[in-house]
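You will see subunit A twice below: alongside subunit B first, and alongside subunit C after that.
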Partner chain A sequence: MKDLPQTVFVVDDDDAVRDSLRMLLKSAGVHAETSASAQEFLSRYDASQPGCLVLDVRMPGMSGLEMQHELNLRGVTMPVIFITGHGDIPMAVEAMQQGAFDFLQKPFRDQELLDRVQRALVRDAENRARLRHTDRIRERLASLSPREREVLDLVTQGKANKMVAGDLGVSQRTVEIHRAHVMQKMEAGSLAELVRMMMAVAPSP
Partner chain B sequence: MLRPEMAGSNDNGAAGSQREAQRVRTIIVAGQSSDRTREVLRALSGFTNVVWPTSLESALAQMGSQDAGCLVIADDLREEPIDEFLQEARELQRNLPIFVITDPDDVAEAVSAMRHGATAVIEIPPSYAALCEEVSRAMQ
Partner chain C sequence: MTAPTPEVLALLEATLDAVVIMDDRGRIESFNTSAEVMFGYRAADAIGRNVNMLMPASERGQHDDLGHYLAGGEARALGRGRDVRVQHRDGSEFSVFLSVGRIPDASPPKSVGFFHDTSLRQKALATLDKERQVNRLYLDLAQVMLVATDRHGVVQLANQRAIRVLKRDHTTIVNSHWLDSCVAPEDRPVARVAFRNLLVSGNDEPQQFEYHVRSSDGDDRFVTWRGVALRDASNVATGVMLSGEDITDQRRAESEAHRALERMNSVARLATMGEMAAGISHELNQPLAAIANYAQACVRFLRMPAPDLPEISGALEQIASQALRAGEIIRRIRSLVRNEDVRRESQDINELIREVHGLLASDARVHDGKLALDLTVPLPSVTVDGVQIQQVLMNLVHNAFEAQGPEHDGAPFEVRIATRVTDAGDVEVSVSDLGPGLAGEAEQKIFEPFFTTKASGTGLGLAISRSIIKAHDARLGYRANQPRGACFYFVLPAHQGASP
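Entry: the complex of A and B
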């Protein structure tokens, strides 16, 4: 499947700001889509579309911070760059604590925004690559039989085949066969790689 | 919120043990800060152990030797490389709450501190109530 192009989504209720940002991004070769409100953006946002978000903090209706909260609830990981003409420290801290990628006060230099957008796009690409990687691992995990999964869990805890055999009440030879199947299905070249895969899909502490 | 009198509490049982666990953890306050801020920070001594390293370097050393509950970076250290320090501190103790006290309205500095690992940024002069609330939450 062909990757979708990265898009910068600009959400700002000010027509002039939207137009100038669209022109600026276009001049830098970046595809941009604009929305005049949080509701407009949310109604047409497709989570499969990669990119980043440039979001005004103060908008009528749903504010930028409220929209960020909504995106968090929806599990959207797209980097958010807040822009505001009326920023203060508590507002910036709240946005960053909620996971904002950056927070920029107006007026800002064009290059400042472009630099941050470029970094946000890189971050989004990295996030999506990581997600694709963990999705593949989960698919492979789903292909294991219950017994193979048990063997996987025990060997990635550092247990030797003999100990695994003892824990499961089977012969060491049986463990070796299951282990070989696990390595094959997980497409792992070594135990270390298998451990890394399990760490990648482990829930965060 | 923690109360100063908890420091001297002799309660028994689970609640007492929990308070005891909170009591022995250390707040590291890096820098001496302005007079007004210092007064507020000194008030933290009322409810737990507080150490006062005068530089970021010595704060890092304290982090290694103390059972740190949280770290407060006072506003007189702004000439020091706080962003680098925050990154280093995060590598040392990933989950340690770190509060940076900064100039009011310096949003760029606050954002930078947050990006580099600060838990929150508090404007000077911090109110005693706000600071205690943040620190209490962190110590729990």
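Entry: the complex of A and C
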């Protein structure tokens, strides 16, 4: 599955600030799309588009913070970089607590923005890659038979074939056959790799 | 005895002295009307009796009694006089000054006694003295400085109050020139002219003038002098009576109050500015951020092998216009904080509102609200200090946004500035909101200094707004807004003769 090109989504109600951000990003070879309000962005954003957000904290209508909250509700994991003015530090702190990626106080040096944008894009790519990885593991898990799944659970708990056979009330030979099918279906080269896969999809503690 | 001539008779009747003529044994021969009044005897009863009857009984018969003294015709008494005690018919004693003359060529010899009632004189003298003392007391009790001068300005009299204020010895004031003792050197030329005018004007209305006085210890006092010329019967000025009121403390209190008010004004201005600082810094940051971004983008484009020249040129234009935008914001802020004198000019209120719209809109943004303008065009022009009116508007709009509280129901909180022409043809400006409005105590006290409903309010904004509007001969009022919320309004008188 080929990645879509990464985009920096700029949301700012001030025409000049918005346009200057677009141009600055363009000059650094970064593709940017701009919206004048949170609503405008939300109405046309498709969660499959990779990238990051550059958000003005203060905007009429939905503020940057409210928009961040909305994104969290919608399960959008795109990193958010907040742009704040002087005196908005409490707001920036709140934004960080809500999971903002970073914030910048304006006016700022171009490199400060571009560095943060680059780090945000890397983070987004990692997030998306991780998501794709776990999606594949889940697909493979779904292809296992119930008996194979039982065997998998027991061997990843560190039990030897003999103990698994005892637990399940089957012969050791039968366990060996199920185990070979599990390794094949899960595309795991070793027990260690299988354990890592299971940890990646395990629900967070 | 020859009859007296008419001239002598007239003389005898005209004098207030008792005149008694007697022979060498003291027998009364003539007793004039004043003598009747003075001693209580009718002339008919007195004539023929001894003059000793006019003496107190205790002194009669003594060696130098009146009889001897008079009748003795003692030369030594002639041309002189002496005080003697005499007695009224009713028994009361009193003093007289007695002088005696001998009537020449009379045989037997006769003499005439002039009894001058000194007790009356003494009484009069005593009364006069008492009056003087009372006058002096009045002068000294007076809470004003009183200084009387002759027509040359030389001080004849100064009361205690004057002496205390001037901190001088009485003797150094009296006989000094009042300009030297009562007026500070720098005010003397003006005071001299005023004094001269007082004498020559012929106008007896008191003239008022205000001068410094420098007291002997160098303390500067302010005194309001009122002067009135004293004139004799032929209307010639003989002097001047000056009354001075020491208004130094009053002056100082006034200027202290004035300074306090000014301080309060600037504190309130600063407080308003502080409350709005967040909005202003945001407003100023926008163009600055845009400029920085555009400029940095230009640098990057220019470093490329094939720079995108249209993009660069567009960015440069943006930089210029954003710099101007920042300058405009600064200009407005400066006009708000400057402490200049009131400058009234004919103004279009709508124009003043549009000028501050940018700043107000940024305040609206901070409060997540919306600012609506509902301006009647055209409006008659009004004579106002534009900056002050804008300050009032900013204060009212800021209050309105603060009034919304945190629990607004999704819809943007709206504040509306409206202008309209009243039935009387004047201009009404109103600022209304859809907040909770005012109730009970708040409505009563809202204009009082230091009354506030805000957690961090100074309580000065509305009080100062009201005083600004009052200075424009108008009134800042409150009414409930329909369907809800608060509405503050003021009506400015339209220009005379201006057509809408």
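Going forward, the second predicted complex is superposed on the first by the 198 of 205 C-alpha atoms of A that agree within 3 Å, B and C clash if a C-alpha of one lies under 4 Å from a C-alpha of the other, contacts with A are read in each partner's own complex, and residues count from 1 in each chain.
In this text, a contact is a pair of C-beta atoms (placed from the backbone, for glycine too) under 8 Å apart; a residue touches a chain by one contact, two chains touch by 3 or more.
These numbers were taken from a predicted model, which means no experiment stands behind them.
Student: Looking at the overlay, does A:Ser37 come into contact with subunit B only (first), subunit C only (second), both, or neither?
Tutor: In the superposed model, A:Ser37 contacts neither subunit B nor subunit C.
Student: For A:Thr77, decide between first (touching subunit B), second (touching subunit C), both and neither.
Tutor: Once the two structures are laid over each other on A, A:Thr77 reaches no partner at all.
Student: Quick check on the superposed pair: does A:Asp102 touch subunit B, subunit C, both, or neither? Answer first, second, both or neither.
Tutor: first
Student: On the superposed three-chain arrangement, identify whether subunit B or subunit C touches more subunit A residues.
Tutor: Touching more residues of subunit A than the other partner does is C.
Student: When the two structures are overlaid on chain A, which partner does A:Ala28 contact: first (subunit B), second (subunit C), both, or neither?
Tutor: second
Student: Counting only touches as set out at the top, which of subunit B and subunit C does A:Thr134 meet: first, second, both, neither?
Tutor: Once the two structures are laid over each other on A, A:Thr134 reaches no partner at all.
Student: Just checking: does A:Ala92 make contact with subunit B only, subunit C only, both, or neither of them? Give me first, second, both or neither.
Tutor: Touch partner of A:Ala92: subunit B, not subunit C.
Student: Where on subunit A do the contacts from subunit B and from subunit C line up?
Tutor: Residues 87-88 of subunit A touch both subunit B and subunit C.
Student: Spell out the part of subunit B that touches subunit A in their complex, as residue ranges.
Tutor: Within the complex, subunit B contacts subunit A at residues 102, 104-108, 110-111, 114-115, 120-123.
Student: Once bound in the complex, which stretches of subunit A touch subunit B?
Tutor: 87-90, 92-93, 96-97, 102-103, 105
Student: Can you list the subunit A residues touching subunit C in their complex?
Tutor: Residue list for subunit A touching subunit C: 13-14, 16-17, 19-21, 23-24, 26-28, 58-61, 63, 83, 85-88, 106-110.
Student: Hey, which residues of subunit C end up touching subunit A in the complex?
Tutor: Spelled out, the residues of subunit C in touch with subunit A are 277-278, 281-282, 285-294, 296-301, 311, 315, 318, 321-322, 325, 364-366, 368, 370, 412.
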